[in-house]
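These notes concern the structure reproduced below.
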């Protein structure tokens, strides 16, 4: 696949890995899920991330999931999460994924990194390990990884590594970071890269206005994310916020640590995207009361949509 | 003051400490702020917490702030944050605050605690240090303190310490914790305590439905929090959510780590509650762009309020 | 293999994974290293731990290393580190290792665990995942994993899981923990398990006197550890301390975080146990000055040994 | 006092704060302790650090302790720990201490700092807050504070702040950091500062050889530290290591986290430096068995000293 990820925009959905209730990968649901995302209008997909339960898969399962997704993807660019404690496993998955047709890979920093130099050095080593012809995405997610990257550190990673094409922006608070990076580009001190935002989309409304190219996140209504990105890019500010705000109560509910994935899979199942909301152990389940709360939020959302349609 | 905090309900606002632009405590603004909170209908106040910039005050300043607040408080119950690295300073501030008329004190766990026994032991020692006649509130805020308390640990602290009267609930995710604690009460394994919820109110809608008694947080529209609590207690579920959802975009914006206090003080200044949004160093400032975003959210909020009033 | 690890004693050496300078697994050195350890008089080996650079291996490499070690092990019991972010990979490696003849497996807690219940629950799930017929070792290493297990938590894990046979004790400070666990056994509240101590052996002298069964660590003079354990078990307290103290300057030097493995591999290479001190990236190298310091310590050690031999 | 701390060398003992068994500051023991340290030949003292239980003192107690120490100090330079969550308390204690005759102050970074810029910015603000005429010491202690400073970050702090005069070096591993900083000086990219090493002295033997000016730590035999520093500076390498190695078993025992202070105070009491080994709550006590182990180590140490004296 010959995609220029540096100019990627729109929504790259973070896809979950579907399991059956026995904890086996549900390949049939992968196909169904792919169709769902394509119907939603996403611009690409990211698989095997944290929310894809990648660390719970065996190496050969990861590859099988990547193969199934890539077979079904058609022209849709697929980014494969290849984060691993060692470069051997990272390189293996990166190379195999690219051979299968992936558009690029995503690399998260190990939580032991602290100083600027450690972070920059890690990405230098990682880029060399996978090979400089493979485009990679920086995953900047301090709440989860405890690694804090300043805009200057990101700029240095971009400068050192021509194969760095995108930032998955997931800092919190993170609006000023987008402005700082776009400022670097404006002043010519950093070449342009794509910035797609995570955190469930919790600040997507303003992230677009700060200069993000779109979202890379797993909120169970990717169609809404697509619309917000399009409205925002078209300058329809009020409509973008109206739509976003209507989803915010549910989006916030899904954006809870640990239990959030259970909520997300539950809604995706409700929407027919996957057959089961099962996760592989260890996992956090959703209680009956939480399900009722999600149902309540879905009902309210449906009523708002109806009103908007009138 | 003779308040039964174990049955406290409604909204206890987390009050900021007002500073002037030179970084001195602005005592005039304390008076103004007190009047503002009373107008908003809060049931009580909590001062000298994390968001009150308590760690930046000298010991004698903390006491002066407490004195000014308590002088102006009238019948309003005031809870004073007394968290400190050592019990000497904790006891001194606790005793002086109670003599000035405080209703109770709030104690956060030091971030070095890890095991259940360490947490339980710490509260046992702290309760003994301040004296068993002083009512205290547990501050359960893992995101900030990195100390995770299970419902069973909280139950044990309540069981061991008759002077434990309230939980400031600030876990995230936290809904199941409320249900678990209320379940303990229902089965008779824990005596009733008040549960007031924090995190800027981000889940107040459902927290009320899970059994919380109200909120203890610093969102700059405490009047909205009061209304949501009252609507929820009156069983007006739809109206409670409608009101809450209207504020959620701003509430989420204010609930960002580190920069959140700057947003909160900016809005409180805009609403006339304090004269300046200045913080004492070290602090995170609010950018011009962020201010514009807050203004945009305030405008949208005003329009929703107008529509609701029609 | 039919070894009763619950009564294991002596020294279980933590074996490194030998690499050649290109970063490939050096299988020839595995054989040589096995012979070295057997000559040193160890009672067993533990492979694929943190110091074995296990996270840097691909899944199939881990299995190949295990196979080579087990082929050469003869009657020597081998424990295989199977810690993994998910249970699928953990189970796969555990089962394959046992089929190849391993005596048991070692499981470290993921660093996300905080509360007592989370830790106990994790080991319950892990034991079920690998199968209850596979003996497992708890790795209790708070400095590295940030998970703190009280003696009561360990007792509960032992109580719940009949397949839990050993504690790799690596808390720091840790002497009181050994006394507490042996106290549980003495009072009958915990069945006996083997306790082997890590941390490079930095407190092995007193750990033996507190009731440890021996050491499980990777200090590059396992022969010394064997002698200290034997002397201590024979009641020769003074001699045990004399021998231990002679090694303490080097042992402390090797027991530095991150750079320690480089020191260890350097000394093992110097002693002929492995062909190269190479590590796989990412790794911390040893400087020329550090090498000179190690050489200086080795010389001093040699002189003490000579004096002792006179 | 007019001391040039930038060229300070020798041993600056980290002094504990003596308490009586009821937890009150024991001012009589402060005098006795001062005389002890002066007899031991220390070049200076550091008070109110972590091991001085500073966070457990009330603000006015800290000042009283500083006053008593400074009254008794004569010409001995005293460094006062002024680390505080806010700059108001830091400035107050720094200024009052300097007025009482302190030679300088020591500032630790708050544990929330992560990036290079955050650390550099913090010291810039702190130096401005206390006033640029007050000499300050950087406390670089990652194990305790979780803040990691690279040599380049330290160089930048030194460059920006003319009042930065010394590094309390307490990184682990830390030998390469000393070499890197001395390398900066040699190449002219950093002005000279004093480097005194902590961590109980666990690597003092080699730290001296890497270019440290001495030790700043609290090991209960400061006389030994003084001798090692003097021997090392005199080029008597073998004798320096012999003396150091004789103490290493006890030194290592004292250098345990949390329980270490109890060991230290116990030995200082045994040596007559303070009247009681009491700590203020919260604290970790020393068990009867641990006391016996310390006594055993003291006996062995006495026998070695006797042999050396023969």
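Order as written gives the chain letters A, B, C and D; numbering starts at 1 within each chain.
Basically, a contact is a pair of C-beta atoms (placed from the backbone, for glycine too) under 8 Å apart; a residue touches a chain by one contact, two chains touch by 3 or more.
Every value quoted in this text rests on a predicted model; they were computed, and no experiment measured them.
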item	value
Chains touching both chain A and chain B	C, D
Chains touching both chain B and chain C	A, D
Between chain C and chain D, centroid-to-centroid distance (C-alpha), Å	34
Chain A-chain C separation of Cα centroids, rounded to whole Å	38
Between chain A and chain D, centroid-to-centroid distance (C-alpha), Å	47
Overlap residues in chain B, where contacts from two or more other chains coincide	none
Touching residues (chain side chain C, partner chain D) in the complex	172-173, 175-176, 179, 202-203, 205-206, 209-210, 241, 244-245, 248-249, 252-253, 256-260, 287, 289-290, 293, 300
Residues of chain C that touch chain A when the two form their complex	23, 53, 55-61, 84-89, 92, 111, 122, 125, 129, 280-282
Complex interface listing, chain C residues touching chain B	114-118, 142, 148-150, 152-153
